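Note sheet for the following structure.
Chain nomenclature is as follows: A, B, C, D, E, F, G and H, assigned in order of appearance, with residue numbering initiated at 1 for each chain independently.
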Amino acid sequence: MKVEINGTAHDLADEATVTDALAAIEAPEKGIAVAVDGQVVRRADWASTRLAAGAAVEVLTAVQGG
Amino acid sequence: MKVEINGTAHDLADEATVTDALAAIEAPEKGIAVAVDGQVVRRADWASTRLAAGAAVEVLTAVQGG
Amino acid sequence: MKVEINGTAHDLADEATVTDALAAIEAPEKGIAVAVDGQVVRRADWASTRLAAGAAVEVLTAVQGG
Amino acid sequence: MKVEINGTAHDLADEATVTDALAAIEAPEKGIAVAVDGQVVRRADWASTRLAAGAAVEVLTAVQGG
Amino acid sequence: MDVSQDETLVVGGRKIGSRLITGTGGAANLEVLERALVASGTTLTTVAMRRIDAQTGTGVLDLLRRLGIEILPNTAGCRTAAEAVLTARLAREALETDLVKLEVVADERTLLPDPIELLDAAEQLVDDGFTVLPYTNDDPVLARKLEQAGCAAVMPLGSPIGTGLGIRNPHNIEMIVAQAGVPVVLDAGIGTASEAAQAMELGCDAVLLATAVTRAADPERMAHAMRLAVEAGYAARHAGRIPRRYWAQASSPEIDGPRFD
Amino acid sequence: MDVSQDETLVVGGRKIGSRLITGTGGAANLEVLERALVASGTTLTTVAMRRIDAQTGTGVLDLLRRLGIEILPNTAGCRTAAEAVLTARLAREALETDLVKLEVVADERTLLPDPIELLDAAEQLVDDGFTVLPYTNDDPVLARKLEQAGCAAVMPLGSPIGTGLGIRNPHNIEMIVAQAGVPVVLDAGIGTASEAAQAMELGCDAVLLATAVTRAADPERMAHAMRLAVEAGYAARHAGRIPRRYWAQASSPEIDGPRFD
Amino acid sequence: MDVSQDETLVVGGRKIGSRLITGTGGAANLEVLERALVASGTTLTTVAMRRIDAQTGTGVLDLLRRLGIEILPNTAGCRTAAEAVLTARLAREALETDLVKLEVVADERTLLPDPIELLDAAEQLVDDGFTVLPYTNDDPVLARKLEQAGCAAVMPLGSPIGTGLGIRNPHNIEMIVAQAGVPVVLDAGIGTASEAAQAMELGCDAVLLATAVTRAADPERMAHAMRLAVEAGYAARHAGRIPRRYWAQASSPEIDGPRFD
Amino acid sequence: MDVSQDETLVVGGRKIGSRLITGTGGAANLEVLERALVASGTTLTTVAMRRIDAQTGTGVLDLLRRLGIEILPNTAGCRTAAEAVLTARLAREALETDLVKLEVVADERTLLPDPIELLDAAEQLVDDGFTVLPYTNDDPVLARKLEQAGCAAVMPLGSPIGTGLGIRNPHNIEMIVAQAGVPVVLDAGIGTASEAAQAMELGCDAVLLATAVTRAADPERMAHAMRLAVEAGYAARHAGRIPRRYWAQASSPEIDGPRFD
């Protein structure tokens, strides 16, 4: 199925979870956070949170700023 | 009955209207406005607006300010 | 003889006076002042003041300024 | 004879020198300078400099300031 | 709003004859006030709404009507949107005008506007058909929100009411002017004439002041000074001032000076 | 010198009708200059002395005489006392006036006065019977020495000539005013109207400016602005401004407001 | 909040070792940033939250952790309370901290805070258990509302972000300090060291800056300058400065000077 | 003189270890003075010359020698060149130094330098072999004349002695720095640390102050503050500050923010 990760379309397995989405973009283990369709998904729930087709996944980290 | 006009207790007839209250304090004809219990009473309605016992009547005018 | 008027060489008669120098540059009657070799020559003395050869004559007037 | 030291009259021997004047006010050895009648007297000349009657001797040192 | 050519000030569709708007508070008595108002040349003047009593009566109204000065009721003393809205409605009843100088202050010590209550009240009064002139702080963002809420002008302070500290942050006033689509009126803090002129030079469309005139040693003369200063600042703004230079520039021709050697 | 009541400015025994003294330098042409001078209301205006030539002729003199404006020759461009004294004497010859705006500048980049040469020239010219108006820096000590030398006024700068930086050190100007026994004229640095008003509020007796008007986008309008500003500042000075306060003071009565509970 | 004696700054129960809080934005690269952070002596530094990508990775986090500097995530770029709240929650997830520098700006040109959205976001984040440090304008009323909403500090601007215009309205900063019961951090606008010192002299408890250091010609040296300036201003505040006087006061004894006649 | 790279200050061939030069006047007693001098890190300190008496003795000299601080005698209290020259010569005799802080003041109320007497005294003392550090006003022309007369530094005031009014005319100080070929020392007027930092940012090579420290509530702490401030301002000057901007500039990356729709 198609999901959007940080604004880019990705093709994931139909059962894909947040963990799968992070793997797809080779996100690092630590220092990141995830929102799916505008809701925060706690780290503890990444493995168990299924993505719906067309889901918008945001993967953020800290950068220089402020 | 007792009503409060600009913070002072007054004794008015039981049927008293806003017009009666204005008479009680010898308010001028023009340049004033009236609120009863926190609601504006339009000039047109003064004569027909009955006051309840214990009503709080505010009679305002313009003074030097600002 | 040669005299310098406002920085320009002029050829005047040997007996030339300040008045002759002014005539040579067609200076106006009023609103001017004259210095010869760094000394003011009063208007009253223009006609009687002889110039020496090589004299430096300055003829000034008022211009926009300040 | 009478001399004035720092504004105060003192009675010194007629042959008195700057050194005698300094002794009269128990001035310290170091950190001072002397003027007699408005002229500096070099340290080297204190012993040999005779005071005239009525001389004005100023003995200065450094104090907190500036 | 920077009026690029000289034209009459228009606020909420009304032409305002003078760019000096005055207040009436602080005057020793009505005689002093009358002389000051006349000297100021103002055509729009604020009044406050208070409980009527025998003494005051309606003297200030009679004076303003006699002088042909339009009345601008304020909501001075209100601390919440609800109080301000009710006071504005009573003023409209009493004075038959939809003009209101909206004041919602947060505390007595600073008399600074409460931005939340102010914006709330402005929205309610605009909906209710008022021509709203809000007294605001010098925050360009709040000024823009007030304009977007439909206010007929924005009236940022120079410094807190009655302090006479002048314009503490000209940069903010300039930013407000740069973005405003409605007239900008410098309201509060002016202490002397040069500050009123400066407000206009910064691009304000008018100045509103009271204390600086009414509590001056000679209110009539100060009113005259303020009138001249507002005109001076407005004219200077539109005359196009010279640029600031770091080093000097001669105003007398440097060439062809006399040589005396 | 703080004129405690409103009276005509008197400099060296001459009554000066307007407290705005103007210069003529920098104007694009005589037509522009004429409109600006008229708009300024000035009654005393500076000119510089230069070698005569065919083009210039004596146009500016004819203009000033036609407008009935008194002429104040300056010694612009002089760098030594000797040059300034000679230039002043030539000006007296040419213009039949003993008035002189004494300028002795130290360098072209700052055009700041040379305090030593200036004082020397002032002493010589006073001895020679001139009515000396020295352009000086904002040093209160030099101002006092110039007064003691017999100058008819002192004319401290606000900032360097032509910079439009306004009054960089109001504290110095106030100190000069506090001690002066002759008129104090703020000369040089003014860029816009509020600064001219400020000069008068600081206690100056007049303002002298040229560039701010002649090089403005609209010299006539700026001249008018300056005229109003000088009047405004003078009136404000004498009207007695309110004291500055740290915290606010209400201009509407705080007691007896309505209660809406 | 005026800390009357010298003590460690405490924000939301956390001790903050240095009163200079820095940002990381604008640094040419991580090497430059590291040298600047070390020179600044800071113990608390902001980061922004952005979409991860291959290049950036988590370099700045690794650097801050290696230097033992506590991380203060901000909500830069958010325009609404909703965006800011979500960004803060993501930051808490990613960085395992409940600290947040709350920024809700109104537009790109001024980057000034939106007072309405800011207060809304502050209330939500406090309810959600965050330690909220809001970037606010210099309005004393909004600062008080943010404190009343439960913010752990208030962080008023000196002037708009990145302008280097310093503290445009010291009077407002003083009023904020006078009423604050939580630490006041001067945030934004600082351009040079003297302005950081001034912020502390006005009574601020700390200074937050980024651009002034990271975009200086020599960031490491400017970071050192800012460190010294914050310490200098804090010490001066608590050393009790001399009063300002209009006239001079000799620092050398005036009596008993020598007489040379 | 703008020292383009970081190097030790050299005045008249002498290396001066600290850019903070202090005075000793106004201290409650020698113990307080000692703590303040140590905290300031100064290596050069002024003293005044007065008639000796039993009480005072030579305590301050003993203190400075014990602390290894070089002595800079001043001519405080002198009103004429003759007095100042004689006082300088007596100081040289008493203290065995050719250094002198030359002060020739015009009156007690302002303690401003007399430009004429000052320059005259400077010329005489330079001829007599002194290393002359003149206390001058902020006139760039007088500063240049003093340098041309052979002074080893120029020491313009920020504001009158003891006023704590800071630097009233930064533009003049910048112009003095721009033209100076000898060190520029900001002398007099400093009230608090940020002003000392500002002096260095304007390009001064050192700061001289007394009252701000000795009359502070806590002289030792203020001395420490001034030491840090001078270092901070010097470092900031040489670190290359960011340009001032009218509008904001984000310090967080604007691109690639999260999208939450």
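Quick notes on this one:
The definition used in the following text is that a residue touches a chain if its C-beta (ideal position, glycine included) is under 8 Å from a C-beta of that chain, and two chains touch if they have at least 3 such contacts.
Only a predicted model underlies this, so the values are computations on that prediction, with no experimental measurement involved.
The minimum number of touch steps separating chain C from chain F is 1. Counting hops only between chains that touch, chain B reaches chain F in a minimum of 1. The interface holding more C-beta pairs in contact, when D-H is weighed against A-H, is D-H.
Distance between chain centres (mean CA atoms), chain A to chain G: 33 Å. Per-chain CA centroids place chain D at a distance of 62 Å from chain G.
The mean-CA centres of chain E and chain G are about 34 angstrom from one another, to the nearest whole unit. Taking the mean of the C-alpha atoms as each chain's centre, chain B and chain C sit 94 Å apart.
Looking at chain H, residues 23, 25-26, 48-51, 53, 74, 76, 86-87, 90, 110, 112, 165, 171, 210, 246, 251-253, 258, 260 sit in touch with two or more other chains. Shared interface positions of chain A, defined as residues touching 2 or more other chains, are 7, 35, 38, 58, 60, 63-66.
The touching residues of chain C, when paired with chain F in their complex, are 6-7, 25-28, 30-35, 38, 40, 42-43, 58-66.
Residues 23-27, 33, 46-54, 56-58, 60-61, 71-74, 76, 86, 89-95, 101, 103, 210 of chain E are the ones touching chain B in the complex. On the chain H side of its complex with chain G, the touching residues are 23, 25-26, 48-51, 53, 74, 76-77, 82-83, 86-87, 90, 108-112, 160-165, 191-198, 201, 210-212, 214-219, 221-222, 224-229, 231-233, 235-236, 238-254, 256-258, 260. The part of chain G that touches chain D in the complex is made up of residues 251-253, 258-261.
Against chain G, in their complex, chain D makes its touches with residues 7, 35, 38, 56, 58, 60, 63-66.
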